[in-house]
Amino acid sequence: MIIRTEDLSVYYGYKNILKDVNVTFEKNKITAIIGPSGCGKTTFLKSLNRTIEEYGGKTEGNIYLNNEDIMNIPVQKLRNRIGMVFQTPVVFPFSIYKNMTYAPIYYGERNSQKLKETALKYLKIAGLYEEVKGDLDMQATKLSGGQQQRLVIARCLTVNPEVILLDEPCSALDIKNTANIESMLLELKKDYTIIIVTHNLAQAKRIADYVIYMEDGTVVEMGKTDDIFDCPLDSRTKEYITYMKN
Amino acid sequence: MKDLKENIFRTIITIGAVLSGILVLLVFFYILKESIPFFREVSYKEYLFSSSWRPLSTNPAYSFLPMISATLYVSFLAILIATPLSVGCGLFLSFNTSKKSSRIILSFIDMIAGIPSVIFGFLGLVLLVKFLERNLDMVSGESVLAGALLLSVMLFPYIVTGCTETFMKAKDIYYGASQSLGVSKWYTMRRIILPFARKSIFVNMILALGRAIGETMAVMMVTGNSPIFPKLLGRAETIPSLIALEMGTATYKSLHYSSLYAAGLILIILVLIIQVIAYMINKAGMRRIG
Amino acid sequence: MRAKELMFKFWVILSGIIITVITFGLFLYILYKGIGVVTPEFIIGSPKGIPLGTQGGVFPAIMGSILSGLISGILGGVLGLCTAIYLNYYCKNEIIRKYILNALQCLAGIPSVVIGLFGYTFLVVGLGISKSLLSASITLTVMIIPFISIRMKKALEETSKEQYISSLSLGIPKGYTIVKLIIPSAFKYIMTSLGLGTVFAMGATAPIMYTGVVIVSGVPGKLTDPFMALPYHLYILVNEGLSVEMAYGTAFVLIVIVLFINIACHFTGKNEDV
């Protein structure tokens, strides 16, 4: 168990978006969060690395990372340990190479040989290296959507996070790119813990070890993927799954 | 080390922001402070409702009424001239020219806003004033009319740009649907696009009015600058001209000096009222759409 | 019905043509009338003749305008950028944010002549700084701070919030993110705001009339020297009826500088969209 939340609630002003969420995430597993739009999935994700505060959200309750309250971890250190990938690929408007070295340079790496090694290593892991090895100095915005998303994931890996949060990373991509990213995630879970929000139930079924079903800011049910899909305990989960299937 | 850098950066940014804030507040407070002696000394009956401005006479009189009327006269007239032309031009650029040429024309119209107003004053003097003298049989062409005509040209960019934006938006939403009913392009513009943009046209008009009221150099150079009640073909002096012309001669801390600040304050209040009206209309419009 | 539509058509086309013709006419007229006057001697010479200004050139005025534009552009740019960054990224209190924004909005609406009045009595008469490049530039800075801050704030908002959060999610703090990511991403828009603000300052007459500009002087050597400026020089030439021909030349130079910066800003702004 790497992350545990304890009565986590989130407010925007007076609006209560998340209500008393108690969940746990296992190390080196993929956990998928599913549920109808507006149920608080993204808010939940953002509260795990405290970026929710940048949007003006207030949290109550506790979140533990390896049994340490995240409020006791300096916020940068926390975000360094829990990386995040958005729905639309957010590449920085620099070259591919600069995207990859942006964070390592901040963390003090000045040796250009080492920087290059790091950049190439993670580009390879993200399966992007073969496609872009000729022109690392190309503007990253010129890559295709799928390539951009893989670059973003690779960039996220350059800081060596323990957990990667992904917010519907494939919803803007076609089938082939989606498959690429899914196989990459399955590969990555050997070294990282992955939490992914998705609308695509088939995707959750294909890659996730655990599934959390959320509705209206609360967690309805969580369990092993097969259990949730085959014999959900709660009628609301069942309804949603049947509804999405048709 | 890294934390130190962060803190230094945050401090610099905060100092800069605070400095800007202080400057802004300083201007406001200074204007307020310097105009107080005037308001204490001179009754509102005199400065708002009497008719004569002679601060340097042995029997001084301080009435802003001629200048306020001149300012409003010139500005409203300019708006009345500029608005129909600008709205028509906006429609023309949205519906009757190719995208590319309308973009080029628009960016040039936009650049008018960047031309220093003294250049307008110069052109107004050598072209407009001379033209009025020749054609309207005036002794001197320097007049309210000259000021308003000149100012209306300077306001084109403010109204045209805003209106065209709205027209383009309305075109995107309604044009296809309306065309599919088989009515003419002109009919669509008249019956759908214009009513849709009514509020936006009004807001742009008001914002342009705020801009017009504060204009100094151009108006000053073509209106003749006599502190008398304005007539269309006669000379007049607006509040900004008054301030610009007399600030050099007023003795520091005299009543005359304070009166100029009071004039400035009245000008600011006029502009603020206009901005607030525009803001409120805008907000009401937002609510309706949202 | 038909008559109405015809009238409508007539109105739209006529106003379209009138405004377009006036717009292009303005620029072409100044350029046409001025180009004959503008010789190398006009550009690099000083005002000569009796009265001064009827012959010779406008070099001190060009330099004065560029210097005062540059100083107030830099001062206003730095303060404006700080204000914009503070408002967008550091100001936690929503109410303070709103107040600052409203105050800036108000100051933007204050006519430049009132700012000139403030500069004259506060800086020159009150604080006793002489009529100089320094007091004029400070006055211009006050005038362009709201103009620049509001535009730079918009420029920063053009960069997506997700980009900012993405960088924070890598464990990188705000300041580094702003310097290394946000400002480079918005660089062109920031420069555009700066350019337009500088042009605004260079073209202004009323704020400098009593704070630093004089009818004739050399190129200012120090901050405390009075200086000549193109707009004021033009005003004097016209208002004192010195020389219409020289006025066309001066207007030509002024408009070329303004157009050049405007077009440069316009096109850099465009590239970003593509």
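Per-chain numbering from 1; labels A, B and C assigned in written order.
One rule holds for everything that comes next: a contact is a pair of C-beta atoms (placed from the backbone, for glycine too) under 8 Å apart; a residue touches a chain by one contact, two chains touch by 3 or more.
In this text the structure is predicted, and so the values were computed from the model without any measurement.
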What is the shortest path, in steps, from chain A to chain B when you may only step between chains that touch?
2
Most distant chain from chain B by Cα centroid:
A
Tally the contacting C-beta pairs at the B-C interface and at the A-C interface, and name the larger one.
B-C
Averaging each chain's Cα atoms, the one nearest the global Cα mean turns out to be C
Could you work out how far the Cα centre of chain A sits from that of chain B, in whole Å?
52
Please work out the Cα centroid separation of chain B and chain C, and write it as a whole number of Å.
17
Distance between the CA centroids of chain A and chain C (whole Å) is 46
Touching two or more other chains - residues of chain C
173, 176
Residue list for chain A, restricted to those that touch at least two other chains
106
Counting only residues that touch at least 2 other chains, which ones in chain B make the list?
2
Hey, which residues of chain C end up touching chain B in the complex?
4-5, 8-9, 11-20, 22-24, 26-27, 29-30, 78-83, 85-87, 90-91, 100, 103-107, 109-118, 120-122, 125, 141-142, 145-146, 149, 173-176, 178-179, 196, 199-200, 202-206, 209-210, 231-232, 234-235, 238-239, 244, 247, 251, 254-255, 258-259, 262, 266
Which residues of chain C touch chain A in the complex?
160-173, 176, 180-181, 184-185
So in the complex, which bits of chain A are touching chain C?
49, 51, 54, 76-84, 86, 88, 90, 92-94, 102-103, 106, 152, 155-156, 158-159
Spell out the residues on chain B that touch chain C in their complex, using ranges where they run on.
2, 5-6, 9-10, 12-17, 19-21, 23-28, 30-31, 34, 84-89, 91-93, 95-97, 105, 107-109, 111-112, 114-119, 121-123, 125-126, 153, 156, 160, 184, 186-187, 189-190, 210, 213-217, 221, 240, 243-244, 247-248, 252, 257, 260-261, 264, 267-268, 271-272, 275
